[in-house]
Amino acid sequence: MTETVLETTNLTKRFGALTANDDISLSVDRGEIRGIIGPNGSGKTTLFNNLTGFYTPDEGSIVFDGTDITEWEPHRIARAGMARTFQIVSPFRNMTVTQNLLAVEAPDSIEDKHARAREILEFLEIDHIADNEARGMSGGQQKLLELARVLMLDPDCILLDEPSAGVNPALEKRILDHIQELNDDGTTFIMVEHDMDVMRTIADTVTVLDQGQLIAEGSFDEVTGNDRVREAYLGREVDLEEVLG
Amino acid sequence: MSKREGSLPPRLESIVYTADGDGYDWRLAWGIVAVLLVAIPWLGAGTFELRILIGVLMWIGLAQSWNMIGGYAGYLDFGHGAYFGIGAFVTGIAMVSLSLPFLPALVLAGIFGAVFAYAIGVPTLRLKGAYFAIATWAFAEAMRQLALLLDITGGTSGLTLPSTMAAFGIPLPDLPRVIYLYYIMLVLSVGVVVLTYVLFEHHEFGYKVKAVRDNEDAAESLGIDATRIKRQVYVLSCTTAAVLGGAYAFYITFVHPQEVLDSMITAQMVIMALVGGLGTILGPIIGGALIFLLDRLSALYFGSDTMYISLMGLLIMLVVLFAPDGIVGLLTGETDASDIRSNLNSLLEKFKFQ
Amino acid sequence: MAKRNQRPAATSSQHRRRFLQVAGATGAAGLTGFAGCLGDFDEEQDDRDVFRFGAVTSLSGDLRFGGTITERGYDLWEQRINENGGIEIDGTSYEVEIEYADAQSEPSTGADAAEQMIDSGIDALFGPYSSNVTLAVAPIADREQIPHITGSAESPEIWEQQYEYTFGTIPAGNVIASESAGSIFDFQPQAESVYITGVNDPFTSDTAEAMREAAVDHGIEVLDYELFPRDADWTSPVSAAMDEDPDLHFHAAHIEAHVDFLNAARDLGYDPDGFFSHYGVDTESFAEGLGEDAAHIFGATVWLPRLDRGGDALFDSPQAYADASESAFDVTPDYTQAGSTAAGIVYQEALQELGAAPPLSSEQQSELVDILEEVEVETFYGDINFETDGDLYHSNVATDILTIQRTADGFDVVAPDELRESEPTYPAPAWDER
Amino acid sequence: MDLFIQTLINGLLLGGIYISVGIGFALVFGVLEVIDFAVGEYVMVGAFAGSVLAAGLGIDALFVVPLVFVAFYAIGFFVQPFLHHVTTSNVPMPILMALVFTFGVAFFARGGILTTFGPNTREVPTSIATGGVTVSAIGTFPVARVLTGIFGIVAVAAFLYYLYNTKGGLAIRAIAEDRTDARLMGINIARYQSVAYGMYAGLTATAGVFIGIIFAADPGMGMQYTAFAFFMVVLAGMGYLPGIIVSGLVLGVAQAMFSTYVSGAWVFFVLFALVYVVLLVSPQGILGRGEPVS
């Protein structure tokens, strides 16, 4: 049985003459891992910003868990259960890992934030650096910290902006395993990712954006076989996997 | 390290160190400080010493109050002094025009400060960085000009407050007035410091504030209502400044716009918090005490030479250049000799014009 | 997972070192501070053979200009009396010693300074320049029962508060302004209208108000009365005044704003029959600021060097005082400086009458105040006698108020009649005819 | 003579004074991202330099203007590396730190002048720039103010020419755009930042000479010019240099008109309130051309 957790209708965002998101309608099922791909500047991050309230769309609507959240502010959307990370890691530099987690406005259902934080750090296997200051940590550890912070929200749906970028392969695998594990427990993921291997292994469905428009949607193999997608990436017909994979 | 450990007799050690044998028990140090502060009027301190201590306490409180918005929240409030002045005037007006005793007047000052801060904070906090700094500064200057023009503030004449303890609000034994003023300032200043410590260092609220300072977008994405947090910090810090201003009015008994709304008041708060160490609990305490004592005592003892103004300037420059974490940074070892050396080297780099 | 509150050994040693450093440094800073505070404390009530005075003046901040004039006045008294061997009590001479503190033009610093000096065991206080600081110091003098004479504060607010231990040698500014303004209204041909501007500051706003009241009393039409902020640009007020074409223009300001105002008036060619400001017209700073254009401006003073007044033990005439000032500071004294020196002479007389050797006990200090209340001293500055009740309580009311007019190289007394040195040049010539 | 026109003249000339102070400040703000609290103190020290040099050399203060410019250019050139060090240091709020540093500079300058020259005002001697020129049926133009206004406008023009028509100007604009990119392009940013700050210091001190001629040199005069420099930049739109002319004139004329036709006493209150409201309503300045609020 599938249930729609997130649905956008005719979502449009313009910056002056540029239409960064153009009439995007998409729907994500609960428990899905949705990949979003597209060349640079195709509107992926803008879409994230629209979904999480950092931008207010010019047209269209966003419904999350049956509620219209189009005009909501970011913090309200986060509290409603849709969380995100950023392309550039953004830990709170002058705090310890634990404090980073405690800062999160966790839902009321979490009674003991300290216990929850400990649990998450143990789950992500970074409890040994719980009292380290974020600014001294490696990029990979910071990525994990971001994921940990997001989990404090106990979200239904997590939007990840390039979770594996700049991370060594071992750590990348760890992150992906954690994502998989969380997904098995019912968390929905929407991921922007450039690494096509990652997409192939993890994504249930892939949505392709180009110049602000949704140009294809389907399984990884379906979309990479799509002519329009190839064109979008390279402007001519080549084997996408060969180039990017 | 082990040497030092062994140098204490075991009994003392059990008092000085925490139960798990690891690290110092800070509570002991603070306990001693607290007892000393309470006992000082009875340990031979005269009126002058108490006055100086009142000044020290007040400036620690003010520096800490600025530190909330400026240090912890990272908003350069250059109009903070306005709330000090507003608090002083509200207290003065309540005592003179409404004939209220000091205590209710002080409460009124706090309430008024809070309401005013909210009204100003809502539009002003939408600005960031230098824009916020200049806007708050313009606001504070406007307040000073306004106070010079209104009748209720006494205009250019200022207000003269009742100068006996009879106006305090509750009957008190007959002790020198300065002792009461000392305790009033002690309670308020320690209150501000403790409040800051609890809220900003030991409470989720503080983590949220720092989160908003370090990365507002990330904070928002984690459910933190940044706008609300900023307003809360602003109102809190402005209210404490207003309350301290109210106490100051009762202390000095003469309130004048050119003094309590002087832009130098804000400047001094900023310098103190910065020299001590921004966004730390100890910074404003050390910075406030040190800068106030340097400034006041040099004015009193070397008063006939204005050179000390330049030396203050030099001190500020040196701290910014070589110890940007402030004195706290030096004390905690965060800034050490090698940092200063590398700062010096990097400074010399900047002189390579070719 | 590791227990959070247990730190690894390395951190703990750092932790401890940090504690010691912080504790040590805080303690050291505190102790240094206290040592500083207590430095003078122990000297209190020692046997000594000098009279010790504390002087609170503004050597920095907005009021530093007047503050240093005050300092010179007190200094000159100290210098001269010590050259004469000091104050003679029962056949022994005691030198005097004045300590200064910078009030930074701020009441709280001034108050701390006063308290510090009283704590250090001074016999009496010299007052600060300006009413702001005086209003913070006077209650302390009352509470600590220390005699306090100010040689320069002119604001009427001080006297309205009726502080028991505070006295002033200079008449209140509103009294000076009002009397002097009145004498200008009597010049022929009589003025029919006046335009009054001023700076919206404590002392100057009182002066402006006094000018307006004087005009109303004399039946002169006040075309406009307006106050401006301290750093205002004066071209617009001048243009507005020109438009009204008054017979006289009165301007209530300190020297800087007065010079700015007259510069603007000259540049724009504003020519009423006379300009008047009560304060500062007799100072060198005013003359230097305006150069030749200072001529014909009316002002007021209560004292000047060539006045034919008696003298006292230290200075046998106003001119002798001026000569002493010239040789000590290379400065021609104005009435603020003279008034400050006169404050010293009043102390000297009162101390001799008291007849107590230093240091003074607190009973003797209170007695000194009783003597000051009654005192009538003749000085180079003029007669000094403090009012004992009403709105001018403890202000000197014995001094004559003189209206002056600047000339090409100085100024002449033009009123009152009995002290007049020359007829006023009235109406004054236009700027371009000078 | 018409009061309205004369008030307008007064306001425009007052605006000229503000422009002469605001232009350098706007430059360092725009290019170096330094909010210089010492701006008013450069005016003050410049006025004293003018006074001392003119009196010492026995010449008209107008003739020492080049000397003052060169001297303060040199001073500024060697102050900037300190600021550069602070703004690029690894502290949480480098811009704030730089601001506090300039605070220290301001204290240092004020204390130094006070100690050296005492509290008195000093005349900046001139025999050329005195009096006023009356143009019949229009109004009177005070000579010193006219010269100051011309100086201000010429300074803006010269700055703009330098920025847009010379290699040095290109380098400075590149630095303003992005410091790191500029370095990658091979620009010696230390040198050109120093050039920019030196020009600012020289120009502002020179404005001080003119202001000293109009009024006098006074150790306490700095703060009000700091305030006005801030206002100018806010109204002009931060980082938008040509806006300085407009904002200076608006500020001057508004002040004069308000003073004459509404209330003298309330004029500063209204100015400060105006700056506050402009920031809230249109943080990019009255022309809307400043840098966006980031």
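Going by the order they are written in, the chains are A, B, C and D; count residues from 1 in each one.
In this text, a residue touches a chain if its C-beta (ideal position, glycine included) is under 8 Å from a C-beta of that chain, and two chains touch if they have at least 3 such contacts.
What you see is a predicted model, and the numbers here were worked out from it, not measured in a lab.
A.B. asks: Which chain pair shares more contacting C-beta pairs: B-C, or C-D?
C.D. replies: B-C
A.B. asks: Among the chains, which one keeps its Cα centre farthest from the Cα centre of chain B?
C.D. replies: Centroid comparison gives A as the farthest chain from chain B.
A.B. asks: So the centre of each chain is just the mean of its C-alpha atoms; given that, what is the distance between chain A and chain C in Å?
C.D. replies: Taking the average C-alpha coordinate of chain A and of chain C, the gap between them is 72 Å.
A.B. asks: Find the geometric centre of each of chain B and chain C from their Cα atoms only, then give the gap between the two centres in Å, rounded to an integer.
C.D. replies: 34
A.B. asks: At what distance in angstrom does the C-alpha mean of chain D lie from that of chain C?
C.D. replies: 34
A.B. asks: Provide the C-alpha centroid distance between chain A and chain D, rounded to the nearest whole angstrom.
C.D. replies: Spacing between the chain centres: roughly 49 Å.
A.B. asks: List, in ascending order, every residue of chain B touching at least 2 other chains.
C.D. replies: Those would be 145, 149, 279, 306, 309.
A.B. asks: For chain D, give me the residues that contact two or more of the other chains.
C.D. replies: 92, 111, 114, 265, 268
A.B. asks: Find every residue in chain A that makes contact with two or more other chains and list them.
C.D. replies: In chain A, 94 touch at least two other chains.
A.B. asks: Taking the touch rule as given, give the residues of chain C at its contact with chain D in the complex, in rising order.
C.D. replies: By the definition above, chain C touches chain D via 59-62, 64-65, 67-68, 197, 200, 226-229, 231-233, 235-237, 239-240, 242-243, 255-256, 259-260, 263-264, 266-269, 285, 288-289, 291, 431-432.
A.B. asks: Quick check on the complex: what are the chain D residues that touch chain B?
C.D. replies: Of all residues in chain D, those touching chain B are 29, 35, 78, 81-82, 84-86, 89, 91-93, 95-101, 103-112, 114-115, 188, 190-191, 194, 223, 227, 230-231, 234, 238, 265-266, 268-269, 272-273, 275-276, 279-280, 283, 293-294.
A.B. asks: Could you pull out which chain B residues touch chain C in their complex?
C.D. replies: 1, 4, 20, 22-24, 26, 29, 46-49, 51-52, 55-56, 145, 148-149, 155-158, 160, 163, 177, 248, 252-254, 256, 258-259, 262, 282, 286, 289-290, 293, 296-297, 299-301, 303-304, 306, 309, 327-328, 331-333
A.B. asks: Can you list the residues on chain B that touch chain D in the complex?
C.D. replies: 74, 76, 123-124, 126-131, 133-135, 137-139, 141-142, 145-146, 149, 213, 263, 267, 270-271, 274, 278-279, 305-317, 320-321, 324-325, 343, 346-347, 349-354
A.B. asks: Which chain C residues qualify as touching chain B in the complex?
C.D. replies: 5-7, 12-19, 21-23, 25-26, 29-30, 33-34, 36-39, 41, 57, 59-60, 62, 64, 71, 100-104, 106-109, 111-113, 115-116, 118-120, 132, 135-136, 139, 143-144, 157, 161, 200-202, 205-206, 229
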